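A short write-up of the structure that comes next.
Chains: A, B, C and D, in written order; residue numbering restarts at 1 for each.
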Amino acid sequence: MGELRYNHAVNRAMADAMAADPTVVLFGEDVAGAGGVYGATRGLRDRYGGKRVRDTPISEAAIVGMAVGAALSGLKPIVEISFIDFMTFAMDAVVNQAAKMRTMFGGQCSVPMVLRTQHGGGAGSGPQHSQCLEAWFAHVPGLKVVCPGDPASAYGLLRAAIDDPDPVIVVEHKALYATRVPEPNSLPILSIGKAAILRPGRDLTIVSYGAALRAAAEAAGRLAAEGIETEILDLRSLQPWDEGAVLASLARTHRLLIVHEAVEAFGIGAEIAARMADVGFDELDAPILRVGAPFMPSPVAKALERRYLPNPESVIAAVRRLLA
Amino acid sequence: MGELRYNHAVNRAMADAMAADPTVVLFGEDVAGAGGVYGATRGLRDRYGGKRVRDTPISEAAIVGMAVGAALSGLKPIVEISFIDFMTFAMDAVVNQAAKMRTMFGGQCSVPMVLRTQHGGGAGSGPQHSQCLEAWFAHVPGLKVVCPGDPASAYGLLRAAIDDPDPVIVVEHKALYATRVPEPNSLPILSIGKAAILRPGRDLTIVSYGAALRAAAEAAGRLAAEGIETEILDLRSLQPWDEGAVLASLARTHRLLIVHEAVEAFGIGAEIAARMADVGFDELDAPILRVGAPFMPSPVAKALERRYLPNPESVIAAVRRLLA
Amino acid sequence: MGKTAPTIAKPVSNDVRLRRLYRTMLTIRRTEEALVGLLAEGLIPGFIHLSIGQEAIAAGVMDVLTPADTITSTHRGHGHAIAKGIRLDKFFAELLAKDAGACRGRGGSMHVADIAQGMLGANGIVAAGIPIALGSALAHQTLERDAVAVAFFGDGAMAEGLLHECLNLAKLWNLPVLFVCEDNGWGEFLPTAQQIVFTLDRLAAAHGIPHVPIDGNDVASVAQAAGEIVANIRSGGGPAILDCHTMRVGGHYEGDPQRGRDPGDLAKAAARDPLTIAAKDLSNAAVAKIETEVTADIAAAIAFARLAGEPGWDDAVASVYAADAA
Amino acid sequence: MGKTAPTIAKPVSNDVRLRRLYRTMLTIRRTEEALVGLLAEGLIPGFIHLSIGQEAIAAGVMDVLTPADTITSTHRGHGHAIAKGIRLDKFFAELLAKDAGACRGRGGSMHVADIAQGMLGANGIVAAGIPIALGSALAHQTLERDAVAVAFFGDGAMAEGLLHECLNLAKLWNLPVLFVCEDNGWGEFLPTAQQIVFTLDRLAAAHGIPHVPIDGNDVASVAQAAGEIVANIRSGGGPAILDCHTMRVGGHYEGDPQRGRDPGDLAKAAARDPLTIAAKDLSNAAVAKIETEVTADIAAAIAFARLAGEPGWDDAVASVYAADAA
């Protein structure tokens, strides 16, 4: 029995999509020759040729803008921005162009582009290479945002993103690329907007996504030893997010904790908490809690970075507050 | 008795700061010769000279980056980006550079820069010139964000921003520039992070900021005729925001509505609601509600734009739900 | 790319061509003049940026394009949309933000698009259309279409780094893209001479991209030059720049008081009116006939637009994502 | 700007100067070699980018700067920090993310800064330091300081529009800024010849900015050229470009397997080692003495860094805003 690595799942999603559809192309810095900073695009140029898999110069604004134009003219471009921090150079193309065109042009066109990027800490990469900026994109009507937390979702969400007629931001995580699971029997294309229950439980609900799921799972395991049964929901998709699934879980457990790696303030968790404080208000038996990064740039020092990232201890502490 | 216009208040804040401190400089597109798209910088070059007040080419990324360098080297630059939508070209300098330097360089430096920009609708400017993107900046540790809703705050917050040793984003509103109030007796420099009670009331709390305050005030006036007493809090400062003031008001009214012009989902209101669903949970007698823009780009057509923006009717409808 | 012989879209006799060019220019002119009135009537939301005096560039360049060719435009994009073939009734309805508009009234002046005609949008963001044209050219190249993409931009946009990234990329990938600079001497309220230190010809030379300077107010020259350049791009010659010298007759936006502007400069612009220049080589009868026809077309389009209905709220809310998406 | 006679920071005899330059280069070299070991020990968080083989540029340029002059650097910034005068103990402590580091262990390799020395930061974002240098130059100019700002960037950064915006602005405002391109032929894992179609000399010419190409591995030439150019900038001559041709001896980051790289290319780089070139004009005794001294300095600095304490959590949390702010 083989194993499936996260970065190989990403690779396979692109390879399968390119095999299935000749209009799927890929470009970005070092995606062709080098196979990507995290090896996720390795071998694709060899398989699909230099016309469909291209290295670009270091011109983030232009290459994302090109993806928009390519998507308008018959291609399904996948563009890679190797760190989400570099998206700061390419926001216009995503936010003012891609996101708005379907509405702004009155439905004349789709913009079927995928922007693959990568966020998060754990590698000592410091303040400019560890940010989790997905909340910016989730705030922009017209964009979809997904954030796979395991190899199977990495495959299934990326395939869905490539198939989607609208622009999708796929946010991978640097600390997950090397993670692996036993090769699944099937690797379905997932539905954008659907959460998954990773662990059922009756005492409280943890909503999380991406690499933070690992801290949640570890915490839930330890809490189970004390008889505390945690339900863990993997959002998978942040825009749209599965409000129904969160509400249904809350209706079972009546307690909600949201865990993510992004800075807590104004992060993804804020919207989930806000919605549940509205539509889920009657279900709440306790305050809604969040575990996210404190309001500071990512530390470089390992000990500090460990403390900065969500970890089983910080999750357990929040759960104890929630059940107190 | 004279009157004070919002754009004149902005102008006076800069003029006074430049008079008080020779290191304050101003640059941006058309701020010098033309006096700014909304007239907020008119006359400043004549008064303070072409060395301190400069027109720039259309190079948003470079000019915001220059402000960072200028701030590191002894100036207090005010840079104007005439529409917040254009900040999409200049995010790196603000987010990866200015915001992080105090922490990242271990406290060796301050970055005393001010970025003045302008958001919002009401002028039929359409999807690329009407956005309210302040939540992006509020999510970034190291930045401060203020959003003046009236002429006196426009003056007091901008003075505070210029005095502040850290980078401050001042978000004005295009529909407010021409609004006026009787010339106030005094025009104090305000404290960043402090909210103001615009109207006291016992039945519910509306938290708002910027141009949306007008819809809240109009709604509160109409509701008062029915005996519903609304307390209105003007946040003024979005990062940091005055959690204590919101909580105190909630403790009086036990009902919370947040009103802003930005898209509701993942907007400023999400964080306020999330915090109150945590620290204010025991005070809540009803769900926390929000009125924000629906999840779509700004419409062009006047009737649609009116409906898109927060308005007294949408606020009143939310209040009725809140009191139901 | 190994293309077959270059095709000019509509090769006909010079006189027929000039009349066609004149008609396009006049349509743009009369359309924008009508917009001034409609704006004053309060029927147009937002600002509008007129291309009066600059019509020859849109008319001349578009004359050598096929419907398969794509363009991206700017905030000053009415002329580009019209010359690329948008229906006038849908154009006016769009400017009036009506549901029958080309973009169902959701784009307005700064975002007019006609995707079927290859007009990929006016753009409210300076320089933002340029990489979109590149991407479109990439699609043409990858899918081996006999098509080119054209990026229109103003001289002020030369200060945006995005243009420079795109010049490099276009050349690097030998993309079938034409850069058209509409050099009207202004960027908003400041002469571009006070904004830009380099010249486009020397910038082009640094990139090894052919640069053709042209009198942008002489529509015949524009069409001639564009025809030759586009033919070369079509045959795989790679990107090129058409640098059109023109003048902004009006303000930056309609209603701009043009404070800083020298009246002599305005007079000069009037003297170089592209319609007058073109009319010299046409018979009075031809000019009169075109005037009559264009006037009628525009009147009909405006009548249509005035009567058209408002866009619906629910439609707009439902317009953000594809209905059939996952 | 009407400045007085140009001042070169440290004018002395050629031999003294060359020894100083050699010492700076050797300090960078031995420092980075030591970093390789420390990284392998697991003491350095994150990636590090070494400037081995490129030390002559940092040493030569910084030799003509005063402490009032400012620089901005890149992801490959160790050499710039050292040459600009950062204390070695604080440098190593920073790389080890210790509280005693120059940035209290919160910057690390990619964000080393020494503001007091005018070193405004290494930078994890390609090209991002360039406008910061411009802004610093604007401050020098506005406050009428006798100081220049220097922006270091790699050849790969030439594809970022930001550089182009900055060239235009620097010239437009006649800013006292020197652009130093460290052209090592690579941008990450791809030769820059496959990324960039223009050459910096022609780009500079298009902007009317003086461009000086130089053998970036010959420290004496770098210092000589930098001295002349900086003197001209100081006297109000406006921006200039120093284009340094060098070679990347190692990989993009330490540990990079350098898959696509021709071994002959690596051999060529070794043959052009800037230390060897400089040593030719120095006595063996001088070289040996410098080696001994530098080795001792570095050993002491590393010892300090190893023993230094971890940064505190509460300090970091409290570091985001000024304590005394409103």
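As a working rule, contacts are C-beta pairs under 8 Å (C-beta built on N, C-alpha and C of every residue); 3 or more make two chains touch, one makes a residue touch a chain.
Please read these numbers as outputs of a predicted model, since none were measured by experiment.
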item: Chain whose Cα centroid lies at the greatest distance from that of subunit C; value: D
item: Of A-C and A-D, whichever chain pair has more C-beta contact pairs; value: A-C
item: Distance between chain centroids, defined by C-alpha means - subunit B, subunit D (Å); value: 39
item: Whole-Å gap between the CA centroids of subunit A and subunit D; value: 36
item: Subunit A-subunit B separation of Cα centroids, rounded to whole Å; value: 30
item: For subunit D, residues contacting two or more additional chains; value: 105-107, 111, 123-125, 159-162, 165, 168, 172, 194-196, 316, 319-320
item: Touching two or more other chains - residue numbers and ranges from subunit B; value: 56-57, 59, 61-62, 85, 88-89, 92, 96, 103-104, 126-128, 141-142, 295-297
item: List of subunit A residues in touch with subunit D within their complex; value: 29-30, 33-34, 55-62, 85-86, 88-89, 123-129, 294-297, 299-305, 307
item: Sites on subunit A touched by subunit B in the complex; value: 61, 85, 87-89, 91-92, 95-96, 99-100, 103-104, 126-128, 131, 133, 135-136, 138-142, 239, 262-263, 265-271, 273-274, 276-279, 281-282, 284, 286-290, 295-297
item: Residues of subunit D that touch subunit A when the two form their complex; value: 44-47, 97-98, 105-108, 110-111, 123-127, 156-157, 159-162, 187-190, 194-196, 259-260, 310-311, 313, 316-317, 319-320
item: Of all residues in subunit A, those that touch subunit C in their complex; value: 23, 25, 51-52, 54, 56-57, 59, 61-75, 77, 92-93, 96-97, 101-110, 141-142, 144, 160, 163-166, 191-193
item: Complex contacts: residues of subunit D adjacent to subunit C; value: 159-165, 167-168, 171-172, 194-199, 202-203, 205-208
